[in-house]
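Both complexes below contain subunit A, partnered by subunit B and then by subunit C.
Right after this comes the complex of A and B.
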């Protein structure tokens, strides 16, 4: 095969783009760069439009899908909806959920969590727990202003997670309450 | 009694009281010692001392606000606002930064050479500051209360014969701070950073020296013959660029535009500023020579860098950009009143500020050089260009040719450099056609060899 045919084979050589004359002179490119930066520097209206002054102005979150702090949903009788199936604990890639399940005092389910801890500092807010839950008991809320003075404070227990539900249920109603008809 | 106690306890009223009492005391002192103060201010020795203190204070404030300006400019370039919380428009931010840095834990790691570790940041800071001694801030002037025939004062801390050489020497002392910092840290990354910085600063000293020499020779040629030896004094350099009846301006930059550009580039590299800041390279390397430093010692390095920027801008302004002169403003250049002196300080300050702004825009616009590119830029382009310009200027002075020939030479050097870079097989960055053609030929040959039997 003649050398000029090498292009016809399945071997494909991709060349990096070469420098043009202007690029090799370097100075024109530098001045092009200055033009861009100076344009941004003096375009005040772009700044004013884009910048959100955080504590006073808040950006619009898409509340249905935003992944912030977790909550444990309550069912229609106000009990914790979780059935302690450990699906979320298994699915969690950060291993930050810790559940202790026990036999439930209620007729409509076998188990319920006596302890349900999430380490909010270890969590990567991936939403896998929400995906895994068969009864939609655990959900991520659009709440992200999360502060604590110690690491221990950032481990949210069952009460705290239920409290998050009470605080966010108006903003983001429980996705699918029907599913917990048991 | 109760009223006084209430006032003292009240935070605002007590502050006001203190300020009033202090102001009254200071005013009385001024009025009481007015003659002595006038005498001290009219004596060159004491005036220089007071001026040096004032400049020290001014430069420290300027450095602090340079840092704020840098943050603001970087923010504007990136479509942000920058610091705007502390004080109106964020103007008190430097104060907050300073308090934060002072209160931060100052760690001295266990494995360092203590004495050198403490010495290095101060070294850097001090050498960056002492350069201001020779900068001519305001020319000669008389206070309003001085006799019209009294010897005028010079608004400059020290007027030494070899100011240019002094500035170059002091500038290169900055390398000591960097190398000491890297060495004393006893950390291989810091040491690598220091070596990079030292190699870079020493390399760029050469084009800087060449260009400064060119400017000095030009100034000596422009000055009247009996003052030609003043060319090594910065005030001599500034005096040579005063507006003149014969030409609308005599700034050296108009005779040597390319040399001024080279000086700007070399000054950027000398001050370890982007795009030559791979001594520190915050984004990709771990901070270079000041890896192990924290709190105030780190801040000293930082302040030193900014003070160095101001020094090198002042140097450039004095040598190339006419110091405190403006075109056509003969009043500004020749008047000997205190008001004109203040205006001159304002003009030179404004010029320095423009250069600092340019430094900052450069930093936030251009990507960093690779180290080999940096070295190649110094040795293969800046040094030859500087040499040609210097040789041309020497010939002009030697044969007494008119000075405008240097403009032709400068533009010629620029064109030659462009031609050289276009025909060069090793461009300073990126890939180019000629190399690719060679690569392609080699690839085809290899393919042929592989398929020879098919």
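Right after this comes the complex of A and C.
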């Protein structure tokens, strides 16, 4: 094989598409935007229905499906239910989950997370992690008062996520998964 | 040894090719790949005759394909792009036809009427050699039914613990049950639970995930030659195991993990580190010894997690040794040099990379002005890629046309080890060389091409130890300690020393300029192995903070602008050293082979 043929890495330049005259005026887009703004300004009915006077007024949440702060469930022996399969990390579109798995110290389980961090600021609360989990270990709770004084504080580690479980298990009990461990 | 699978016609003996020279290799490859078709050729004044026997044509699923002679139908089908499920067949091992997954329908003459028709029974395609006019089919109800039943059988006792299994993502139980299996199982009894066994210092055996393909057993018997693994018990209670008190301790044991098509044999080093789908793979060449095994460097988050062999016929075939596989940890050594330091006066101070160009030119140029031509030297390392060595050598020669160029120490350890052990005089299937550097030949080629003053290392060190040189540029990059007493003495006696290395040593302590170098997984270029094959490799990860890729600053030193691109440097090199115009690139194995 000629020497220059192996894995060519030359940069290809692509030109941006040029705008048409109508697009370059920007006026149609501007008026289109104003239309929506004006409609919202003058429809009192919509305003009254949508606005809630928080914190005096609270929304009624559907607790089973509300996607708030995450929690890590405990199994029936009180251990972390997670098996460190990395499915949630794989499914996460925001890349906010970071797991370090290791061989578990227990006889009946193969693998467990020694570290499980979720960056709650980076998370988009889509619930993909919950969908992906094969043992229903990670779940989203109805908690939405998420406050912290620094970015570091908002990276929830394993202990903190287990604490969220302890706090919310009465409000939203763990589902009974068919498989509880590997 | 078998020929190249992409070669048309008869496989040509690789061993027999060594005497035709490099040009001969290229020519043979062209003839064999069908790009040229003379029968008699003349190389280096000698006549060589290549008799190309007609290739057998077989019909698979009604489509006629041409294939190499004397290979199994399965291999021919895989090479032609068919996805035929198989576990026990491996082109590097003997054929046992035990998994029954690759069964096919074949046309045979009727015993009485002699009329050709589909035989009522299925045949293992891995055990049936191709012959001209053979007609087989995989796309038939019988074959598909067999595949489904086989898959159900393989999964009878499988624990389905994919979430915690390291093989998940590259597991052929997963792939095949998706493509060829059924979603349901008729098994109602509780599954057999086989134990997890610690069979060797680097390998774990999960026998409940095993499909009894016996690839690992055959590998230990046929390639390693040590035969530690065996099958105990029979039928559904059969298990892979070691003999009592004899653990799996050969120097190729990492390969049993590679040949295992499922997650039964796992690497302790990689155990539960990463899920394989996160890994990105770079095509590289092992720098452990002069064999130059083609490898995949699997990395994620700027960290190398494992090395895997890449199919490279004639060099390492499918295998690699444990030494090369596991000894890459020095890349993450916390002591690595990460700052460019320049000694100004007594103290060594960190410097900016933009200053390197000027510093190197001034210091080396100053010595040449003071002491005259021939007073500077450069010690090239056999761990450098050819491109980097060439760039550095041309830079040093541009400062001083009479500069001395010398190759640094080539580490040797013990003796060459051939596998299988006790091979009874047969050609070895794998060799670990005692020469523990990847690029001695490449550096020699460059030194030869550049000519001038290129003494032997001992003579050079004896001379340098007496302070004969005004300045020396030392290049290290060795994974282990390499600075001998003589080299340290040469450094001490020399006025100006520039040291380009990855780990701190006695030499870097006293150096005037310390240039933090990169490990081979952070660089790109080519190595020339002991057979003279020029093999390119690409960079896998970024160098640690503070380091620059060697190619980049060496390119700047030579006065070029822009980023280092190994292929472009090779193009320039091939103008003066034509051998670098042609690379040995490992062929892609068939897409569905494993």
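One rule holds in what follows: the second predicted complex is superposed on the first by the 126 of 182 C-alpha atoms of A that agree within 3 Å, B and C clash if a C-alpha of one lies under 4 Å from a C-alpha of the other, contacts with A are read in each partner's own complex, and residues count from 1 in each chain.
Assume a residue touches a chain if its C-beta (ideal position, glycine included) is under 8 Å from a C-beta of that chain, and two chains touch if they have at least 3 such contacts.
Note that this is a predicted model, so its numbers are computed, not measured.
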| item | value |
| --- | --- |
| Subunit B versus subunit C as contact partner of A:19, first or second or both or neither | first |
| Touching partner for A:88 - first (subunit B), second (subunit C), both, neither | neither |
| Partner chain(s) touched by A:80 [first = subunit B, second = subunit C, both, neither] | neither |
| Most subunit A residues touched (candidates subunit B, subunit C) | B |
| Partner chain(s) touched by A:140 [first = subunit B, second = subunit C, both, neither] | neither |
| Touched partner set for A:34, first subunit B, second subunit C, both or neither | first |
| Subunit B versus subunit C as contact partner of A:164, first or second or both or neither | neither |
| Overlapping contact positions on subunit A, where the subunit C interface meets the subunit B interface | 1, 3-4, 6 |
| Subunit A residues within the subunit C interface of the complex | 1-9, 83-87, 90, 101-103, 110-111, 134-135, 182 |
| Residues of subunit B that touch subunit A when the two form their complex | 73, 76-81, 361-362, 364-366, 418, 421-422, 427-433, 436, 440, 443-445, 447-448, 451, 454 |
| Of subunit A, residues touching subunit B in the complex | 1, 3-4, 6, 11, 13, 15-19, 21, 23-26, 30, 33-34, 36-38, 40-43, 46-47, 50-51, 53 |
| Sites on subunit C touched by subunit A in the complex | 161-164, 271-272, 275, 277-278, 283, 534, 536, 538, 565, 567-568, 570-571, 574, 580-585 |
